[in-house]
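Quick heads-up: structures coming right below.
The two complexes that follow have chain A in common; it is paired with chain B in the first and with chain C in the second.
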Partner chain A sequence: MPAGRRGPAAQSARRPPPLLPLLLLCVLGAPQAGSGADTAVISPQDPTLLIGSSLLATCSVHGDPPGATAEGLYWTLNGRRLPPELSRVLNASTLALALANLNGSRQQSGDNLVCHARDGSILAGSCLYVGLPPEKPVNISCWSKNMKDLTCRWTPGAHGETFLHTNYSLKYKLRWYGQDNTCEEYHTVGPHSCHIPKDLALFTPYEIWVEATNRLGSARSDVLTLDILDVVTTDPPPDVHVSRVGGLEDQLSVRWVSPPALKDFLFQAKYQIRYRVEDSVDWKVVDDVSNQTSCRLAGLKPGTVYFVQVRCNPFGIYGSKKAGIWSEWSHPTAASTPRSERSGPGGGACEPRGGEPSSGPVRRELKQFLGWLKKHAYCSNLSFRLYDQWRAWMQKSHKTRNQDEGILPSGRRGTARGPAR
Partner chain B sequence: SSAAPISPAETISQAYSLALYMQKNTSMLLQTYLQYQGSPFSDPGFSAPELQLSSLPPATAFFKTWRALDDGERLSLAQGAFLALTQHLQLVKDDQSDLNPGSPILLAQLGTARLRAQGLLGNMAAIMTALGLPMPPEEDTLGLVAFGASAFERKCRGYVVTREYGHWTDRAVRDLALLKAKYPA
Partner chain C sequence: MGFPDRPRAPQGGQKPKDPQADSSVSLLPHLEAKIRQTHSLAHLLTKYAEQLLQEYVQLQGDPFGLPSFSPPRLPVAGLSAPAPSHAGLPVHERLRLDAAALAALPPLLDVVRRRQAELNPRAQRLLRRLEDAARQARALGAAVEALLAALGAANRGPRAEPPTATASAASAAGVFPAKVLGLRVCGLYREWLSRTEGDLGQLLAGGPA
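Here is the complex of A and B:
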């Protein structure tokens, strides 16, 4: 190298000398003219040890000029000076150290054991790696998005830290054929996860496991066997719309679209709807919504804003006997019920569209209709009692219902008229 | 050369702006680096001037000597230093991916520092061209030094590199300020 490149003190040795001394000269106080710095070597370099084990280390000084002594040298570990009774002068140029019952390393880059000159300057160092071998990873769970990929998560072996950097590798292979493959995209859904983006076969089982390795050893999880079709999940239903049902103050209608990615296969999709009042954290869940893409929520509070979400489970896809995995909830959609004086108890099931003679919401709806009729039509004497009479009559004469449409007990046809109270 | 002549003032001004910008982040790089190596490196106020790398030119120089340098020498020394720094920063980044694998912030900062050093090298080459000065040859500054270093040696090496990166950036600001005064816009 051209001498002009350097400052005043040029390093002379340029032939390739033995590697270790060259490194030390390069790193640790390369002698600059007039400074007469000492160099030293610590042994062992970068040892790996089990927690609780002991270590014997030495710091050997080479002086420039020669004749440097081990007098005045001292040790620090992670910046803290070690008690002198742990050190011993072995010979004129070597200081020894005896450490016992080592604790786990403070940082993954290793504990810094340093040999200092009398004036505190760093002469040499060694990184200690103290820890435990990894434990068997557990709780592997996997899911496939739309049968295209596979994401797996696992938990590192239980009992806390190994204190050493532990590398996890997710492996998989077809159960009855082929080589081991290694997953390559890590940390996709948390620190212990991996994503296999493609080239996965359906209708045939895979074996999946996780290998954990660190400086002290390795461990392998139990093998999980699965068929991609048994762990399918999908996107949340798109286009969730929530709207009022006419003027009904206690109902909202929810509509959605079947997730498009699986639309050709979702013969038995299940859905779940959850809804809550705007300023509450309690969700009500409507379960077991099978194969529909709409639902009517009833028993809601009038004049209230509701948030609604829907999710999908691709149940029994391609004839799989297992339930799939629920998708994420759709983005919350909000809607408000119309204002009114009445309120009712909570729902829990979708209201049927047709209006069978069930209790609660339909009766309420009917009451509202009758009330409206009284105001706007010439049916001043309509009442709920009349309706109940009609229902009772309907049940008794169900055999003749088809013949006698619209005929009331009093024998009149058409809409109700006349005194009914 | 066939390209239209660039004014020295412009290239010097650009380089100066870049050096100033780099200067704002050099101490953060050093601090971040030290944090990840553990004590004593991460101790507040850590300083070990006795640690040096012979493959990196020293940034400090006697004032009179430095002041008396001619433009070519001044830039040539700075270029040599930043060339060495880009190579050493790559080495340190490789070392740290091994020593501190879960440290994206540190690795990103090392990568950014290296990119900026390369940028400054480019700007200085432009100044050389604008002043009609010969370009110094590019050299492999690392040679045999790199391989086989122990973990502690690598930690020390990264400290020296990030420290000297700061020192050379400070010097580059002063070098370029001198040039800026000499070739005003």
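Here is the complex of A and C:
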């Protein structure tokens, strides 16, 4: 709503008000087509104005009905009556309106400025478009799904809201040759996005930019140069299976399949696993899962349901040196660890099959110890696999001992740590 | 849609019956089912028309949505509101007028949709409703005409072509008159749907011809 003019404007009703620089567009024309019932005409019709600017408008009454004059006419803007001190009778048939410091339009179809007769009937209307020119779009980011398409997203600009309908157009071209192309599928992943579904070249850079246009002007983003192979993402790994590791109550085995669309290209792909306890919202992420399709989570709580997800980064595809883009997470898969009277350690880490050390502190220390043993104690057969076998054996003998001694699951914790006699 | 044969001329010098004059004409069951079905369609579309009107006024901004808003009732080429005398006409005549109005509405709704695509390009739901309204008006109009044909009361004259003047006029008009015109068209759409629903209801009830 415009700021009203008080005091001096009211006192100087018979003098032209001391207005700020005006945008005066007095287009006096015939009644508009399609508005044959109008008995007045507003000038200007449908002006476009900058926020904070001023407007002088006039409502000129036709001679029908006879005797119609400007006396008694009044203005409304978006349904609200404007203060009389903003209006001035210019002559017998014309009422003027002075608006200053205009705010941005309330709706994109334009603010409704209406001239009314004394009895409230509508004589004529005009729509004001008050806003800002578009700012340069920024933060263009793009990704390609399986090297088949390209989706880009951008941010409108520092201030965002222009109060006017602003049209965004994503343009792209091959860097060294070719014509400008315009993306056609908009709003695919949000309001400022576009999808190029096909006919994209590999091994050659593209230039991509966004043009923004509205009634008050246009702006163009910086140009983003990229190679499709450097922004590849893929589908989440399918067929994620989570299962117990024998009787080990603090471990779960996770297996998955490489995303099939890129399965012949994922030599250097990276994977990430995240897991959480059933009734928790905190995910733990296991990062160090290089190019393999299985992993063992360790240090879990016994007798607990875990949800597990996996995602893939097609790093190094066709020799690309860029970081790659992670896929979405796979659908959650759930499994539970075996119950045990002994509660396991609270941490968790991924332990790939084959006995490579994980990132857990206990196992890290164990790895160091085993390494030292191999060097100094000539224990060449030592490995994590041997360690896990020992742990499984320990649990089995612990259970057997408890059965022999008639200890119930809720009974006292067993104390045996070494091999059974 | 299968309809029975038209009533044959009676034998033996009897005066032919005028189905329009005889209020006790019994409707065959499948014809009655068709009337009921068309009536239900009109009822549903009347609800949609109400929703269209609500959405339309909301997107034009105040004062369009205000109860006190009383814009000039602009004439729309080729279509007017149901006359006050409409209710007093024989039901078949009323349905003929309903069908004619429903045939005139789609191009008007298309004009409104095109204009709204410029004024409110992001209002996808409104644009979709306007597109659906044009299609549904055609469908209901065709259904009413089929009923009239089955009743032997179809208009045998050439159908008047929808006027194009409104389209060209609307495109040249200022934004405010275009908004008002769109409101008028959406209002007429709702009025004629409601009128059609009422007239079909009377036909179903075997009301006065």
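Everything that follows uses one rule, which is that the second predicted complex is superposed on the first by the 304 of 421 C-alpha atoms of A that agree within 3 Å, B and C clash if a C-alpha of one lies under 4 Å from a C-alpha of the other, contacts with A are read in each partner's own complex, and residues count from 1 in each chain.
Convention: a residue touches a chain if its C-beta (ideal position, glycine included) is under 8 Å from a C-beta of that chain, and two chains touch if they have at least 3 such contacts.
Remember, it's a predicted structure, so these values are computed and weren't measured experimentally.
Asker: Chain A residues in contact: does chain B have more, or chain C?
Answerer: B
Asker: A:91 in the overlay: touching chain B, chain C, both, or neither? Say first, second, both or neither.
Answerer: In the superposed model, A:91 contacts neither chain B nor chain C.
Asker: Take the contacts of chain A with chain B and those with chain C, and give the residues found in both.
Answerer: 32, 37, 45-46, 76, 78-80, 106-114, 121-122, 124-127, 165
Asker: Please output the residues of chain C touching chain A within their complex, sorted ascending.
Answerer: Contact set of chain C toward chain A: 59-64, 66, 68-75, 119-122, 166, 168-170, 172-181.
Asker: In their shared complex, at which residues does chain A touch chain B?
Answerer: 1, 4-9, 11, 16, 19-20, 22-30, 32, 37, 42, 45-46, 76, 78-80, 106-114, 121-122, 124-127, 165
Asker: Once bound in the complex, which stretches of chain A touch chain C?
Answerer: Contact set of chain A toward chain C: 32-38, 45-46, 76, 78-80, 106-114, 120-122, 124-127, 165, 167.
Asker: Going by the contact rule at the top, pick out the chain B residues touching chain A in the complex.
Answerer: 36-43, 48, 50-55, 57-58, 60-62, 73, 76-77, 80, 99-102, 139, 141, 144-145, 147-153, 155-157, 160
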